[in-house]
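Each of the next two complexes has subunit A plus one other chain: subunit B in the first, subunit C in the second.
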Partner chain A sequence: MRNRNATAYRFLTPYLLIFAIFWVWPIISSFMISFQATRTVPWRFAPSFNWGRLIGDPAFFNALKNTLLILVIQVPVMISLALVMAVLLNSPLLKARGLYRFAFFAPVVVGEVAYSAVFRLMFNLDFGIINKLLNSVGLPKIDWFSNVTPAMALIMIAVTWRWAGYNAIILLAGMQSIPEDVYEAATLDRVSKLKQFFYITLPLLKPVIVFCLVLSIIGTMQLFTEPFLITERGGPGGGTETLGLLLYRQGFRSLNFGYASAVAYTMAGLAIAITLAQLWLTREPK
Partner chain B sequence: MATVTLTNVVKRFGVFEVVHGASMDIKDGEFVVFVGPSGCGKSTLLRMIAGLEDISGGEIAIGGKVVNDVEAADRGIAMVFQSYALYPHMSVEQNLSFGLRMTGNPKADTERRVKRAAEILRISELMDRRPKKLSGGQRQRVAIGRAIVREPQVFLFDEPLSNLDAELRVQMRVEISRLHKELGTTMIYVTHDQTEAMTLADRIVVMRAGHIEQIGQPLDLYDNPDNQFVAGFVGSPKMNFIKGRVVGHDAPGVVVELAGQEKTRITQPLTGTAPEIGSPKIGSKVIVGVRPEHFGNAGEGDADLVVAIDVIEHLGGTSFLYARTANGDDVVIQRDAAKVPDTSEITVSIRKSYLFDEKGLRLR
Partner chain C sequence: MSSRSSARLGRSIALHLFLTPLALIWLFPLWMMVVFSTMPDNGIFSPGIELLPHGNFIDNFNNLQRDTNFVGAIGISVSVAVTYTILSVLLTSMAGWALARYQFFGKGVVVAIILGTITLPYAVVLIPQFIMVARDFKLANTWVALIVPPLFNSLGVLFMRQSFSMMPDDLFDAARVEGVKEWRIFLFVALPLARPMLAALAIILFLASWNNYLWPLLINSQPGSMTAPVALGTLIGLTKVSWGGIMAGAVMLTVPMLVVFVLLQRHFIAGIAAGAVK
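The block that comes next holds the complex of A and B.
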């Protein structure tokens, strides 16, 4: 048995080496770097240099506020929308279901840069289709890129567009795993379709909804592409700067690796804390 | 309680017709079992009565009222599903009361009905448990309880015992029988197990390939089957079928010679054969049906038959001899355990037999 294990580990060695060098070591290394002052040469151990700065840094709190704002508004809206889409996709009345499934999933496979460019064009002040549509129904044009609130809304719209379909497909899979005869039993119990949704579908879908929420929370905590590409590096004036963007700015533009590492660990810690709170709140009663 | 009347009920899935004009009258308080092999349309027929499947043609009436266009919820029926279909996230108590709570039934009445159902099914001590914490038999009881609290006019059971082990199945069969006596409600029960059908039913509806083959009381079907399918389906082990040929007329019957056994001739009285079938001509091929218990010792019955024994199954008081006739027809012979022969070839006599024409229709 020991021989067999040794053989297995020999086969695994190339992967484990790569995993250790490019995965485990950076995690450990960045943790250690977060305790070092990296603006000096040579780097020196100074725990309060980065962590102390974090506590009082307005840029960090601005990024944290923006990230949490997106989390609190966009994630529930997106999951609700995904739920509605999943219900529609699950309807026996729907024709060409496969086509819709593909259409809803397509945004995930579209290149981030391409879709960001399209969003920038669509929301352009002068010739974007969104402002043209607003104008056509008598509403004033919105300068999506120069004002904080519209810019934030734009980020939320873009993220929702990109990920709602993905979540809808996961929720659809969950819905399809609920046995049909449970609904038939409820129908014979004279329970209306609406009540069946709230009292049967939603409770039985809870583990899948929680899974989608956890994925979305982790994704939002790392949000980078949209504020970087659509609102041009968290603009206007840092109004859409997220923690991911702050990390990038500190680490790769200011080359302040220590502070970037501290931000990275804060992001991970927050994601874990929020996810655990989420799991605790939605736990099954014993 | 209510009567259920089916008049020429048809079900089509696209171009495929799966139930071809089923008609029957189910009396108030009767226990009727639909039985037949998989795919014969028995569950589809039940689901049409429940309102879970649309009716492609014909008419279904419950309590004298045509319900073709009445929603399943408003038909006054309750159904027990094969998979139990319990709400997995609810306790037993919530499972039982869910329908009543959702439809705004008064709380006191809901509690009374749930308590009564729990007492009838002896599940009062399980009320706080969730379905996953229950055994198969307990889940089945809860599923039946959920039907009882609705106080329906008609109970529908869709193969409710097929997920249970053999011992539990026997136990639950007795419980369902007891329940029918206690409630006195009309019950329609679907199964592919003829033993369940025979033990539970007031009347059995035997189905095959979307057609009703015969409707009758269990022993009527056993003693007086209309065709070879019913004769073979009802009874365990099934009826033996031996090929034969009409070699003469002996008013009011025919003389049949068994294939491969020129000396074995059976005189079969024919008094009630339907006119459209008529009396078989000399030389026409027929099938002789003999139940395993209708084989006797040589010389005891109408005709003797030599068979070669393959296997003997000892079941205690009774044994079954699996044998072959000279013509190669397989036969099962029932014997008292004490009278099992120790030779590989024996002569048995046919004490009682049934005659079927080539199409499988009964000649009588």
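The block that comes next holds the complex of A and C.
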């Protein structure tokens, strides 16, 4: 490796330029906008205008509560499911591996709009295939869109369907990088497969699991399209409103950039706090 | 020995008995997307259970085209995704090359910043990006607005840095002894060697652009400038709209990507897995 400042920066400049214009400046700008009253012309500096409103705004706490609820339930369920998928797809006993891989990995390429549309139709009250199937086995119909609990469940089901395979791909790659002879030695010592999973696979996979958790938490924290399109702008009555949706509504419907920036920074603060907590909880014991 | 192999058989059967229903559940929404796209609207909203495709796709597509100019939107989506992919692959591999092959002042800072942005929610930059592009640069409803801001991509750079740093030094040193310039070494020695990684990266970037929703929804909201997902999204929730048409649009957005996925599965998976395997 050679020390060449000029050459290195010539290669880096276009990338860093885009980064400076479209990320560094917005990160600073967003912070400053959050301290301004933006619905007057010109904007004026009013430190407590947005932040003061935020801590007293029931709509904010509703969105925060919904986002955290989805986070706490959906992310662990999805990562566990992804882990199960990855372990089973990795089993040497599996036949027709390609078909199973296709089934679980295919949602990764499906766009948010396309799958939101399908889920809306599938979960329709009177004509949706899910309620028809529930009926046909003698269960009552569920009104997925008018009641808060089923609506939240629907959002979580949709997100889990879309992202479980994505996480399974990452976990599977992590599993395949664990050396085979570790398992061979364990098998020779008559350690059961289940014990091998808990005492070999899980500990060695921990960094990859943490990576998946962090990515999923940041993604779910910003959840927007599913409550926007599937449950119709966070319905019923704000029951599935998320922080992402609140930001959209405040920033781009009411054009209240100051308040929306305060919401954005709350999301960033939460994401950073949760990520740091995650890294701290799963740190290597010294 | 025979008890061992029969235990193996039992385990294998249990595995398939568990995994097959799960796989069918996972395929079900995609299958229903195809089924819906071939059904007339009064068939979709009828009490019977329909699980097999009908023959109404062309009618549905015509309804979709009547509701919104979907073919035009697909044209924009394809052009934008192709341009974005080419530019982004070039930019991220140049940056990855610099980080992998040179020692330079400020390198640690650059790497730390790139890593830091992975954990930073996009929401934080969204509003100023919008104000800047729409109000200051007056670029709303243009291709530039769709292509340029998303060019910053941290996982891509880390992936390319990883790819280039695994290449042996003597390859490049031999060229340097001959007096070949650094940019020629990058273009004509390094990039061709990195072809499989570039393919993986390109697929992931293309997919990201193709499916991108929030930014295009905000910045290109005029009917003639919408990407295909945005155009389709405007129909969801309308009262007088052809749902068969929406499903035909969903199929047109999804099936080409599924085909690419099947054909290039290895690259696809490599691209996604790259994020985690350091």
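Here, the second predicted complex is superposed on the first by the 271 of 286 C-alpha atoms of A that agree within 3 Å, B and C clash if a C-alpha of one lies under 4 Å from a C-alpha of the other, contacts with A are read in each partner's own complex, and residues count from 1 in each chain.
Just so we're on the same page, a contact is a pair of C-beta atoms (placed from the backbone, for glycine too) under 8 Å apart; a residue touches a chain by one contact, two chains touch by 3 or more.
Values in this document were obtained by computation on a predicted structure and should not be read as measured data.
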item	value
Subunit B versus subunit C as contact partner of A:72, first or second or both or neither	neither
Contacts of A:182 with subunit B and subunit C, given as first, second, both or neither	first
First, second, both or neither for A:199, with subunit B first and subunit C second	first
Subunit B versus subunit C as contact partner of A:139, first or second or both or neither	neither
Partner chain in contact with A:190 - subunit B first, subunit C second, else both or neither	first
Touched partner set for A:18, first subunit B, second subunit C, both or neither	second
Residue contacts with subunit A in the superposition, subunit B compared against subunit C	C
Partner chain in contact with A:174 - subunit B first, subunit C second, else both or neither	second
Those residues of subunit A which subunit B touches in one complex and subunit C touches in the other	none
Parts of subunit A lying in touch with subunit C, wherever the complex brings them together	1-5, 7-12, 14-16, 18-19, 21-23, 25-27, 29-30, 33, 85, 88, 91, 93-95, 99-122, 124, 126-127, 129, 132-133, 136, 161, 165-166, 169-170, 172-174, 177, 208, 211-212, 214-215, 218, 221-222, 224-225, 229, 232-233, 243-244, 247-248, 251-252, 257, 260-261, 263-265, 267-268, 271-272, 275
Interfacial residue positions of subunit A with respect to subunit B in the complex	179, 181-182, 184-192, 195, 199-200, 203-204
Subunit A-facing residues of subunit B, complex	50, 52, 72-74, 77-79, 81, 83, 85-89, 98-99, 102-103, 146, 150
Residue ranges of subunit C touching subunit A (in the complex, touch as defined)	8, 11-12, 15-16, 18-19, 22-24, 26-27, 29-30, 32-33, 36, 44-47, 49, 51, 91-92, 94-95, 97-99, 101-105, 107, 110, 113, 117-132, 148-149, 151-152, 157, 169, 182-183, 186, 207, 210-211, 213-214, 218, 229-230, 232-233, 236-237, 243, 246-247, 249-251, 253-254, 257-258, 260-262, 265, 268-269, 272-273, 275-277
